[in-house]
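There are two complexes below, and they share chain A, which is joined by chain B in the first and by chain C in the second.
Entry: the complex of A and B
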């Protein structure tokens, strides 16, 4: 009992706390960078925390009733925290014994589907257009995640994420994993809902899409979920595709990983700032091409590169 | 100023006489560039057809006037422009009170749609055979049969409150659903209601209701204010192109009264008008970027724009709404010592504008969002009588500065650029080109500006019954002011037509079969200005206390709060 508490529960808690409390900070840093490129002073990097606090303190207004609708924000955030325990973040994934890559892929999809449901359930034409766009984005991006992770699985001959990471650490960089990493990074831009792929929210077109009817604490949880999502996926990218250097001292490894995650998120923010929004058909075409190109990674993996 | 060819005048007179089939009542030429025909109303559609289809005249606006106190009848006037010949043609028909109908010309000129609905709402003369006779100008709860621009209607009348009223809007075609855009929507700075009919993401039609903010500015000008007070009201028609409206009004009155503004005043007007175009186009470029999520463009263009605003403040005392114009010239001179600073700022703005242009022109994602999007065909642009950059981007080479030279444009003419594609990208290119051209024009005007008085001396009262038509090329297109002088030191009729008025009417055709994502940028690419179109203003009269905030104070106010939380 005590042993499992130390080896399972504590690392789980660590991952959840990291994901939950670092994600607003990362968002704050991204906003600051955005402001710098805009020639603005920008909000303080702690602003996202204040945003959450303020929203959490507001009245809970709902456009429709029902238990499912009421629980969607918490479920969305919860699904991402569950994902956080399945993803290695500086150390091995704490819940690795409970699920492999396939489970990760399923859990990763959950948050998108839940936000989509929230949109369809909120009975607003903007939200339902946002949700249908979200669905199209999800369908275009999921295959890329699957292909990119499969490359790792193929090379390491295991479906366990921990196994892939270990194989990567031992064998060093390879062409196939590099291509897979780039494809995963492009998908990350869409998963984080950043430009040029913030199509499902598109303030200027559909006023925030799926989340248009959300406010107060519900909006706070959805926002928090989206920020957590970008952080957890950045961790996944860094750990699976670029895990080096690994020194073996947990605290140092964690710090290095977090620095790398920050670099990835900065890149995401820069791409966000220097691009206008694509139309949904253009984005789907783009991801179709990315998916086809990422098949090249699989081909390289087959010939052992 | 270009001399108007006497042969053109003869041709027009003959054409109108032939088409009116004996119904021609009188022909006058109140100003060398203005021909004024009075014809019987039964001949109106035939004459209009002749002008538009044979003479290639461009419809500008209709003016409905309640002339009962003078002639005992109403009058409907259609205003046309022969752009190449630099000529205005006014066709007026008296309409007797016993038979308040006149044949609609919208069948001949689709661009007359709103104009005809507007005079119907304003004075109650019904355009017979109009394809879409729904309300345009008046609010939905405005009582039937009450016409605000009639002379016996008091300017401060308040209609009784009404309940359960709603706009008459069309239903979507079978299989399509409604996506409302407005009356309040993130990319519309002002209220306008676009009811989009969509199948999935594709637009299959739309309906619109605007004029939520009609301010009754024309009525105020005709009933409360005097000639020299109206420029300040005209300037407040629009928050961006205010100087354009005050200039246009002053020019119309000057023309009607035969007053010649001094050369120096004309040059200063030119400089201010072009400065307005520079800051307006930079503003537009930013907003267009924002609409498609490209906020970096917004932030950078507005940063570049700011020194132009400071310059205007230094010249006039205000960033906007300069209050410089008056009938006969200007109230405030352009100080000569500001010239070096003006040149310096222009050089800086030009350098940065070129940098922005190069960044924008080379951005492939931007091409993907604007090329082939929101196409306005050349044919439709002409039919709906669009003006300004949307017209020029569709290959219609009209520009009021060339076609009807005013201010000092006869001596510093602009080079106008046209594009043929008619899509959003073409409108971007046209405006970016104009931005740089305006910088050149200001420079040229500054170096050629003569010394001398800035305001003509007006000794006599302005006689009643005179007509003046004036146009000014605003950043959004041509603004038209029509003035009919009256007694008691104010116009009998003052008609304002902002450029967005015709341009907005082109939108339904431009968004058909496009996707939802393309609607905001297509609308944005018209650079719409609803306050111009509807002429509204709000005033906060709560606080009487005066405190002057400096730029530093305001920055401190906006940043202090953040700083107290520990930001740098």
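Entry: the complex of A and C
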């Protein structure tokens, strides 16, 4: 019992705390960077925390009743925290025994589904349009994630993420994994809901899309979930595709990984600032091309590169 | 010790006798329904006892009738493979009969004599198909299953669409039956026997001596079974037949009947062909057919706005998944038995799961149809409030078919996809097929989010508030939804059952799937453990994390207030600004427009001469009638009604008769 407490529960707690409390910070840094490129002063880095705090205390206005609708924000954040325990974040994934790469993909989808359901259930036509667009983005991005991760699975001969990471650490860079990593990075932009792919939220067109009817603590939880999502996927990208250097000292490894994650998120923020929003059909065409090109990674993997 | 075969025989007899009983009671709708339900109940319990018996101990063949002249005998046997499918058939038949009792109320013009008795016969023949070990009787049961289901599909006699769909079903499935008859006769000519055992031996001999003939026979069998299973392009009957059948029948059709095609494929490839090296090639063909079917079927489903038609296309898609799993299993079986067992277990488990969630979905669509009279999703909306049970069960089944963890659809899709990706490490084609399957699972999700969003979520119209359906229609839906959850969280017992079936059929132990632990969940081994899924651990973690999140949500003590939807300051009735189902995912639907080619069948012109020759009315009846009519007219002119004229006739007659007599006498 104590053994499982140390090996499972504590790392779970670490990942959850990391995901929960680091994600607003990352968002704050991204906002600051955005302001710097705009030649603005920008909000303080801690602003997202204050946003969350303020939202948690505000009145909760609901357009729809029902237990299921009431539980959607908590389930959404919960499912993303669950994702955090399935993904290696500096250390091995604590719940790796309970879910492999396919489970990770499906749990990631689950969080998207919950947000979309919240959108449809809130009975606002804007939210429905947002949810419909969100689904289309998911449809275009998910194949890329699946292809990129299955390249790793193909190379490492296992579906367990931990196994893929270990293989990658031991064998060093390869062409196929590099292509996979780039494809994954391009998909990350859409997963994080950043420009040019913030089509599902599109504040200027459909006023936040799925979340238009959410307010107060519910909005806080959804926001938090979206920030957590971008952080967890950045961790996944860094750990699976660029895990080097691995020194072997847990704390140092964790710090290095976090720095890499920060670099990735900064890149995302830069792309976000310098791009206009695409239309949904343009975005789908773009990701279709990315998906087809990322099949090249598979081809390289098959010939052993 | 239960005598397994005796149980099955009893239940078939009960069903056949019961069908006559329910025919006698057909004038009273409800009574007829309840009696039929009682009959199916008894026979289902008997079947389940048989299933339990088949799992716990070996079953013996029991011969009833022997026709030595033809080399055939009616012998029944229950092995674990048939037991799985028997369990499905018994469950779905029971629940759809219970559901139909009240559902049939809304067919005012059609008599239930055309429904319940035929349904019982259909169930009896499905059971017969599953337990017979002789191809002649297999075909007899198969044909009676096809015929009875045809009558059930065409139940609405005044609905032209249903008659047309029924005709299509009749023609296509009989084409398929013809293929199977041809295959069986070709084999019979060589071996002189119809029994499965003889077929197995003959087939393996033929594969060595006359490979072309053997592969043609396999292809004919494949066509026959694949048509019933609904694999494209042969499964084109399915999207027409499912929507027009009464919903209880749609559920039986999709949940149980098409599974018998899968049962046939498993028997054919894994029992008859198991030792042959050509199994790998057939595996690739099966996997490609399955992938094509899941791709085209699901993408077409996304475009539908008729609830039941959408679900019918998803049946094609999900059968595609099963077929992909079977194909991957068949490819791997000769070389990598561990991988084969993963894919195969996934396929058969998916068949079980599909029976649960697809039947639940059809029943849900039926409940909506029963209360609102509509299948068009553009005209529905906000039914979650007035029909909470139907909405809840349909949501669970939708998430399940879309493979959202931890529902049962996920567990089996996970096995199939993992099997494909692992097989792809040896033969990369399967990796691509696995990725297609992953992508399509997301399309399934999109499609069912559309159903949920358009039919159940949102606001209902103020002036139209349907009631929830009666309890006898809710119970089947709730049972199926509960099974979706239970099988998702505890897949281990079913997988062990499936494992024993695979071992029984192929003779190879299930070494790839470790389903022995409840808490640790499933793990797949391919040399070393390579894939993991523990529903209980994931669910526990999710529950704890969601509770933490909820605590965070409540930490500020925010007040909750109910407000109307904000339409940017304008006032609208919810129904006027509802986002209609046909608007969902428009750009995506445009991108995949041509995946399911549709074409009108042009009926060939009937030769004019033949038409005239066959038109008896024109040259035989009408002229004859005219002549007789005219003659009668002449005769009737003599009957004018005046006594004097009649007297005159008598006098004239007397004179003529006297004249004739005088002339004759002398």
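Note that the second predicted complex is superposed on the first by the 305 of 305 C-alpha atoms of A that agree within 3 Å, B and C clash if a C-alpha of one lies under 4 Å from a C-alpha of the other, contacts with A are read in each partner's own complex, and residues count from 1 in each chain.
Everything that follows uses one rule, which is that a residue touches a chain if its C-beta (ideal position, glycine included) is under 8 Å from a C-beta of that chain, and two chains touch if they have at least 3 such contacts.
What you see is a predicted model, and the numbers here were worked out from it, not measured in a lab.
Chemist: Comparing chain B against chain C, which has contacts with more of the residues in chain A?
Modeler: Chain A has more residues touched by C than by the other partner.
Chemist: Using the superposition on chain A described above, determine whether A:56 touches chain B (first), chain C (second), both, or neither.
Modeler: In the superposed model, A:56 contacts chain C only, not chain B.
Chemist: Once the structures are superposed on A, label A:267 by its partner contacts, choosing first (chain B), second (chain C), both or neither.
Modeler: The answer is neither, since A:267 touches no partner chain.
Chemist: Tell me which partner A:153 touches in the superposition: chain B (first), chain C (second), both or neither.
Modeler: The answer is second: A:153 touches chain C but not chain B.
Chemist: Touch check for A:178: first (chain B), second (chain C), both, or neither?
Modeler: The answer is neither, since A:178 touches no partner chain.
Chemist: Check whether A:205 is in contact with chain B, with chain C, with both or with neither, and answer first, second, both or neither.
Modeler: In the superposition, A:205 contacts chain B only.
Chemist: Considering only the touch criterion stated at the top, classify A:280 as touching first (chain B), second (chain C), both, or neither.
Modeler: both
Chemist: Answer with first, second, both or neither: which of chain B and chain C does A:129 touch in the superposed model?
Modeler: Both chain B and chain C are touched by A:129.
Chemist: Using the superposition on A, tell me which residues of chain A are in contact with chain B and, in the other complex, with chain C.
Modeler: Touching chain B and chain C on chain A: residues 125, 129, 132, 207, 280-281.
Chemist: Which residues of chain B touch chain A once you look at their complex with the stated criterion?
Modeler: 177-180, 185-187, 200-201, 289-297, 299-300, 303, 363, 365-366, 368-369, 515-520, 559, 562, 565-567
Chemist: Which stretch or stretches of chain A touch chain B in the complex?
Modeler: Chain A residues touching chain B: 37-41, 43-44, 46, 50, 125-126, 129, 132, 195-196, 198-199, 202-207, 273-282.
Chemist: Which residues of chain C touch chain A once you look at their complex with the stated criterion?
Modeler: 382, 384, 395, 399, 402-405, 410, 414, 417-418, 421-422, 424-425, 428, 431-432, 434-435, 438-439, 442-443, 445-446, 449, 452-453, 457-459, 520-521, 524, 526, 528-534, 537-538, 541-543, 545-550, 552-568, 574, 577-579, 583-585, 587-588, 590-591
Chemist: Looking at the complex, which residues from chain A come into contact with chain C?
Modeler: 12, 16, 53, 56-66, 68, 71, 73-79, 81-82, 85, 95-103, 105-107, 109-110, 113, 116-117, 120-125, 128-129, 131-132, 135-136, 138-139, 142-143, 146-147, 150, 153-154, 157-160, 163, 207, 212-213, 216-218, 220-221, 224, 280-281, 284, 288, 295, 298, 302
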